[in-house]
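So that you can tell them apart, the chains are marked A, B, C and D in the order they are listed, and the count of residues begins at 1 in each.
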Amino acid sequence: MNILVIGDIVGRPGRKAIRELLPQIQKDYKIVFTIANAENAAGGRGLSREVMKELLSHNIDVLTMGNHVWDNKEILNFIDDEHRLIRPANYPPYCPGQGYHIYSAAFNQKIAVVNASGRVFLPSLDCPFRVVDEIVSEIQKESDLIIIDFHAEATSEKLAFAHFFDGRVAAVLGTHTHVQTADEKVLPGGTAYITDLGMTGPVDSILGMQKEQVIEKIIYQRPVRLEVAKGACQLQAVVLNFDEASCKCISINRISQELPA
Amino acid sequence: MNILVIGDIVGRPGRKAIRELLPQIQKDYKIVFTIANAENAAGGRGLSREVMKELLSHNIDVLTMGNHVWDNKEILNFIDDEHRLIRPANYPPYCPGQGYHIYSAAFNQKIAVVNASGRVFLPSLDCPFRVVDEIVSEIQKESDLIIIDFHAEATSEKLAFAHFFDGRVAAVLGTHTHVQTADEKVLPGGTAYITDLGMTGPVDSILGMQKEQVIEKIIYQRPVRLEVAKGACQLQAVVLNFDEASCKCISINRISQELPA
Amino acid sequence: MNILVIGDIVGRPGRKAIRELLPQIQKDYKIVFTIANAENAAGGRGLSREVMKELLSHNIDVLTMGNHVWDNKEILNFIDDEHRLIRPANYPPYCPGQGYHIYSAAFNQKIAVVNASGRVFLPSLDCPFRVVDEIVSEIQKESDLIIIDFHAEATSEKLAFAHFFDGRVAAVLGTHTHVQTADEKVLPGGTAYITDLGMTGPVDSILGMQKEQVIEKIIYQRPVRLEVAKGACQLQAVVLNFDEASCKCISINRISQELPA
Amino acid sequence: MNILVIGDIVGRPGRKAIRELLPQIQKDYKIVFTIANAENAAGGRGLSREVMKELLSHNIDVLTMGNHVWDNKEILNFIDDEHRLIRPANYPPYCPGQGYHIYSAAFNQKIAVVNASGRVFLPSLDCPFRVVDEIVSEIQKESDLIIIDFHAEATSEKLAFAHFFDGRVAAVLGTHTHVQTADEKVLPGGTAYITDLGMTGPVDSILGMQKEQVIEKIIYQRPVRLEVAKGACQLQAVVLNFDEASCKCISINRISQELPA
């Protein structure tokens, strides 16, 4: 049984990559369940209702978010209505939206997806180790497998998080840096891990945004409005292969496909 | 002509990986010049004279550093005496040590190696874009190729730096996060790039340090003395292939080799 | 009824200022209860058992802490044994020590003292607004007045915290920056406030530490071991005046006294 | 001879405080030269041409800026045309605007005003110690006195900066935290110093902005558009008294005046 988890989708080019590359990938890898990070899906910042609908219509089962979750204020209107959309579980409890959900997938598996955010160089949220520990304890019985999108900056925090949950969850998959790492593996306890899934969006860019603008922002140290870049797109993800009987993760493999402009 | 550039060497296990894996790699890949980041080579923090000698004795041509450069105060005694050791060029001008050097390699090439540090989530140094721009302008004529170890945390800063210098230098190779990225490529202008070379040190660790200690530090949010982990070691690096006549970079390939405990 | 709250005591000079200036201040201002921040009391970093005993022997009723609470590891041996010592309440719940305590003072008042830490530019703790909100709700009935030492860096976070609790607690007193602010006042809801109490320690210093060392650290951007400065000492604090019957805060007044070397 | 230096002017209420309080202050204190920080003067963020003209029309001689200098993009249109406007000198050299200027004041004194920004918890600019050191060396001969607006967050950096320049400049006056500190004094070398001048704007606010919005931003950890608060205004500043013959600073005194709503 194969599950696909897709790195941060950035703007229109990211959605184009989803539209044009995802069907074939799902077919080639016999994907039964697809998760994608959508925190940059609407114009590079947050998520709108239209963009959410568009992504869900392309056979994505769950959308996860990150530090950009509230950038598009429209989300406050629909985040509590869509169970296929989750945001970092460690935002304060009075924030709208949910941090995890249990889905029914093919073969009757119960797949729990949890979204959490790191705190190093990121907003001051509740401790993701404690919050997710409580969630995992609560849902472990009713879930066949638990997949966590851990949205974080620092490699140390991501690795610590994965080792902390190793053996208790099926996978800890990093997002946020938009650069795919080459360290995918199944940890000693059986949890699949990668530091970062990478980015689904324009190739010739800096994290999906126009290079010249990002460079200007850095060398002038002044605020610059960043816009999504154009041109060729990429889709980056991992395929998790699970044993259907035991729901143990057998392998994790990186995918990086490019779509010419 | 192949050049090897090795990711942050961490402590004794990292040096063991160098000792036992490097000779065969240099032979297999016909390496004519070897660069390695040594900011964590002595006990995980900085560099001592003994450790420097040990590394240079293993056929490493240049040692680069990073934000841990001053962690072992011993370095102040020898940093100005060893031209094979460079530290980030954008430390204040009155700091000891040098930020680049031009070396003579096989086939008579003049290989300039520059070390610089990013500023996002790192010490407040001089602007690496401006400092390196001046260095590159100055040494471009007398160098056949220029290789930059850009020691930085944020993927945006690393990518911006690489695109800023694309076409003017042979390679921009990221270090510091200790996690190898899967984005190695030759940029449009001809500069080889990878966001992070990875780490040369203990495999079962968090960035080379003992997992339990890093986890304790994070979940208690209190200072914990981190020690280098034990067990199986890895060596992570890239091989840069250059055309001997033009000194243009033809390809960049990742290496990740493991040495059982 | 007057309560004295003293800003961060730094090292030996800070303790000297306590020893030589506090008795007269307590007498002059008819102080019935004294609170002092002790996070820098032992050599500028943390607290030892000896130093704690010394401070408590000088007629201080409660010692509060801050981000340096764990710097002297000795504290793990005694923090759970001394009810007159509190540390920021928003450290993770499994940390040793307590975040508040209710004391019996002269005239039979029940004085609750709460210690909390801000999160802006400081360790990633639990949300101080939520944690203290729960504490205040819990202890409000059994306390005649509640005094909070809010240990934080950013003026915006400190002011936000004070306004959030205005009317529910007797006083929110900032610590951590070691510079006394001139904004002491009783807020509209009746809560006494000051952004920072200041520092009790060596006058000719940078936050209590030797000037040359701090300057070296900044201009070289390298780690420098900071030592407590010498010479003339100061004691900085506020006097809170309460109506004995209603336990309402009537006034807050700054104190800054100097002791020649 | 008295010089007035005014803390960050925030929005319309700040300008109202200038308009209604400044004339009397200038008269009462026999002010011959007035400097004011204007980084928040236009709607709380940056400076527009209209607002600049308005402030200069109220008998202010020099406007300084800070980290918000580029927030209102309009400034790019006029920053190079107005010598009475300066921005932090340690922005990259290719940024528009100037970091200091020498003005002719009453009694024929040449008053140099320098603006610089700290780097702790602020944008990664050039080292303010080195940049200002060069400026001071260059202008020392042609200036009768040099006044520095050091716009910084951390008290340690501000104190280090002041001690670094003590004896070489007339005054180092901190801005940016919007909370006036109670540590004004003439340092041993003769330089007048205060950690922060405070804020000129709405009293019932958090740093000039609406309290509820700042609190919402913190407790939800999400982006909130902050607006300037309303109601009673304050003007905060210091008066520097200089000996006319020697141009030595004799005293520094805080001012904090309130204007009812």
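In this section, a contact is a pair of C-beta atoms (placed from the backbone, for glycine too) under 8 Å apart; a residue touches a chain by one contact, two chains touch by 3 or more.
A quick note: this is a predicted structure, and the numbers were derived from the prediction, not measured.
Enquirer: According to the touch definition, list the chains common to the neighbour sets of chain B and chain C.
Expert: The shared contacts of chain B and chain C, listed by label, come to A, D.
Enquirer: Where the CA atoms of chain A average out and where those of chain D average out, how many Å apart are those spots?
Expert: 44
Enquirer: Between chain A and chain B, what is the separation of their C-alpha centroids in Å?
Expert: 30
Enquirer: Would you pick out the residues of chain A that each touch at least 2 other chains?
Expert: In chain A, the residues touching two or more other chains are 92, 124, 127, 130, 219.
Enquirer: Using the contact definition from the top, classify how the chains connect: line, ring, star, complete or other.
Expert: Topology of touching chains reads as complete, every chain touching all others.
Enquirer: Which stretch or stretches of chain D touch chain B in the complex?
Expert: Checking each residue of chain D against chain B gives 92, 119-120, 124, 126-127, 130.
Enquirer: Given the complex with chain A, which residues does chain B contribute to the contact?
Expert: Touch list, chain B to chain A: 121, 127, 129-130, 153-157, 159-160, 163-164, 177-183, 188, 195-196, 198, 204, 206-207, 211, 214-215, 218-219, 254, 256.
Enquirer: Contact residues on chain D for chain A in the complex?
Expert: Per the touch definition, chain D meets chain A at residues 69-71, 91-92, 94-95, 123-125, 219-223.
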